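Scrolling down, you'll hit the structures one after another.
You will see chain A twice below: alongside chain B first, and alongside chain C after that.
Here is the complex of A and B:
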């Protein structure tokens, strides 16, 4: 193998020209995905997680978008490819599942037509073959009576079924990398559990890499192996899932974890509030981007932007005070042992 | 606010009995050919100063229940007793005066405020409609309310588009508080918000409840949020309240198979805990033709023969813990 990682994003900068000037939605994001692992990308609305995903497949309007940096898929920089070459990769090598299966399926074609199209588009095979493969895919994703369902239109399916159809379509060409952008946010919890289970099974079977974009820390803890936390267009923390939940180092990550009520938490405890709100991309704070909302911020934080640095082999963080939290965490652990 | 202590001493505020809402489905010629049975005999009580959480998946009828109580949707059948008075029999001015005491906070803060009206006016409007106080008194009250939900005075002149989602939701709450209500129906008040903002609004709801002694009917699909805020919880499935219990008890000892699977499906933000999932097969059946017998029998892992034919009764298994399931017929008779 000539390449180190299945996908490696290096210093990606995605900016848009708007009426109010250039907006940099993703500012220097780097992370990688290996085959067979699920990387979670977490953050609140506007943190750039979806733009990162769309940049990988270059789905954004290229007249208005400017990319810098590299996105290396199996060693090839996707940002340097022509439109035709990119088309060979989309849906074939790398595919994507979107949040809302109602708006991402075409209402005037049957789901069978849409999935078969993905197959015939990328592989030499007859229509009939494509169709029987479609039935097989639908069966694989757990849709009952796929022989009939394949002739149905998206409106005839429930939300969970549509999401299964989307997954079937994304998997039609056995991609090496799957990008799932909030795949279960629009679904009910019981359906979410079914879909997550399905994604896990499919991953184990095919050893593909998955990028899972979500705001739900519960989902992350459940299915991801590594997590990237984003804030205002930057990666602020990266760690494997156990380390991150055990010892989150960035104050924002810590805040997020304390802010959500959990199903087994203390009910009498007040929820943690991260003060203020996410600033607009037009007014990015100097220094650390989280400083105006951070309870630990000092003068250094508001002047010099910290770099993302490795604090242990398993954990990277973008914070001036991370080392302090690190020792705190370790002490805490020692107390636990005593 | 003391979330766990919920005693008999509290006064009954609202009693809902056998509430039903069937939406007619019309043929092209305008004949009613079927009904969507959105809610089917729902009964529960709400006490003063208490929060009753209503949970369930989309289409289970939880929002319809909330709206029916305020008669924003006219229920088909049933009784809604507010301090002993049946709301469904009230008309005109009587209804309006009771409605003053019952307000609502909606899910989507973006569509529930008029974009052309200033925040100050949005909060004042309910008082104008109910002809309360003079102009000065109302303005005074608006400033008080702004302060109560954590805004500075300048926000009086702002427009909704200048506010973020969480701020708008706070305006929605101030507006609901304008008439000094006793009961607020919160329909998914935090589900459109980001997590860090969500916690602000939840804390605010709790603070205001503690201060004013309000009752909330809290409708939401997020079980963790409901667990945090509610004193008692009712679980809805396909238009019926299949189980209700004090919060701690419902989450630690769920009885109904649906509640069990619903709780087991909630992901826990801790990678070390791996839970046994009770995965349900298939989808929720259509409310046009709900299953016979127990509505859950088509997906229930414990379904027996009688579940197909007999409708289970609402049984009190332990104090304030009600369940509608044949599995508990036997155990209950033994007691």
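Here is the complex of A and C:
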């Protein structure tokens, strides 16, 4: 193997030129995904998770978007490829599932037509072959009576079924990397669990890598092997899942964990909130980007931006005071592992 | 593994049939659509069987029987050359319908292509939409007269002129819908699967952008019948002696106080055709609007 990781993002900087000037939505993001691994990307709305995902497939309007850095897929830099070469990668090598299964299928075609189209897009095969493979894919994703379902239109299927159809479509060409952009956010809890389980099963069968974008820490704990926490376009903490849940080092990660309601918690106690809102990308704080909302911030935090540094082999964090929280780790463990 | 049984197939067919029946019922329940299509059907039928209804040709001159009032011999009377007005009006209506239909068809097709391309390619959008703005700035009749005057009054030139006049408005409508469709997640999902721009535009965006086009087509049909009549009335349309509703009106203008039938009958025909098409268009608009649909999901 000539390459180290299936996908390696190095110092990715995605900026948009808007009427109000250049806005950098993703600012120096680096992380990697290996085959057979599920990497969670976590953060509030507007922190650059989806833009990172769309940058990998270069789905953003290229006239208004400027990429810097590298996105290496099996050693090739995707950002340097031509549009035609990129079309060969999309769907075939890397595919994507979207948040809302209600709107991510074309309403005027049957799901069978759409999945078969995804197959014939990249592989030469007869219509009948494509069709029988479609039925097989739908069966693999757990859709009952796939022989009939292939002939149905998206509006005839429930949300869970549609998301299964989307997964079938994304897996049609056996990609090596699957990007799932909040795949379960629009679904109810029982269906969520089924879809996550399905993704895990399919991952084990084919050894593909998955990037799971979510704001749901429960989902992360369940399926991810490694987690990347993002805030305002930057990675602020990266760790494998056990380490992160045992010992979250960045105050923002700690806040996210405290904000998860527990079923056996004290009902009178108010849920923890991280004060304030994600600032606009037009007014990025000078020092640490989280400083204005951070309860531990001091003058250093508001003036000098911290770097992402490894605090242990399994954990990287972007915080001046990370070492201090390291010692508090045990206390957090008692609080947040139930 | 489940095998499709005969019963499953049967029940699927049953559902399809029910859907069709419900759509037919909805059509009959829509007064506009029913009235409009009834008027149109009657006119088309009349025009179609015109050769059997009248023994006079539209160009047969009979100077002895000039300006006869409507009678059992000449149902709509005769004109100032003694030609049978009934046959001239029917043949004129035929010309109107064929002009209107061709214009509606060609303008819709071109408008669809231009609208979709504009919605997808921003640079092309700037260029083509400025051209459209320019065309919009002219009053449509003036523009049509200019084009026909430049190329000579012939039926095909009239059609061409009207296509140039009406294509921009179709392109505008299609573009506005296609701009919305382009931002739908399923288009992004298609791109994430590696679909080419060509495929996205023609296979996926086109069918999702056509429902306002169908309505627009029926209005353009009506508008081009009116504009063709106006052009012929002004002498810039179908050249005499071929009948057209517009040039019959022109002939009738000079004798309007002696021969009311020469203006009333072609006038009524124009009105009926335009009314029928507009009612039909309104009906279609209501029927195709998913918010009015009973089959909500």
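Worth pointing out:
Basically, the second predicted complex is superposed on the first by the 323 of 338 C-alpha atoms of A that agree within 3 Å, B and C clash if a C-alpha of one lies under 4 Å from a C-alpha of the other, contacts with A are read in each partner's own complex, and residues count from 1 in each chain.
Criterion: a contact is a pair of C-beta atoms (placed from the backbone, for glycine too) under 8 Å apart; a residue touches a chain by one contact, two chains touch by 3 or more.
In this text the structure is predicted, and so the values were computed from the model without any measurement.
Look at chain A after the overlay: chain B and chain C fit there side by side. With both structures placed on the common chain, the touch criterion links A:216 to chain B but leaves chain C unconnected. Of the two partner chains, chain B is the only one that A:192 touches; chain C does not reach it. Shared-chain residue A:268: touches chain B; no touch with chain C. Judged by the touch definition given at the top, the superposed model places A:144 against both chain B and chain C.
Shared-chain residue A:169: touches chain C; no touch with chain B.
In the superposition on chain A, contact is made by A:63 with chain C only, not with chain B. Legend: residue contacts after superposition of the two complexes on their common chain; A:241 is shown touching chain B, with no touch to chain C.
In the overlay built on the shared chain, the residue A:257 is in contact with chain B alone; chain C does not reach it. In this overlay, which is a superposition and not a single complex, chain B and chain C have their closest Cα atoms 5 Å apart. Within chain A, the residues touching chain B in one complex and chain C in the other are 144. Those residues of chain A that touch chain C in the complex are listed here as 57, 59, 63, 86-92, 95-96, 98-100, 103-109, 117-118, 121-122, 139, 144-145, 147-148, 151, 155-156, 166, 169-170, 172. By the touch rule above, chain C contacts chain A in their complex via residues 1-4, 8, 12, 122, 184-186, 188-196, 203-204, 207-208, 297. The touching residues of chain A, counted against chain B in their complex, run 44-45, 144, 158-161, 188-194, 196-197, 215-222, 241-242, 245, 255-257, 259-265, 267-268, 270-274, 277-278.
The part of chain B that touches chain A in the complex is made up of residues 3-4, 57-58, 164, 166, 194-200, 202-203, 206, 221, 223-225, 227-228, 247-248, 251, 261-272, 277, 279-280, 282-284.
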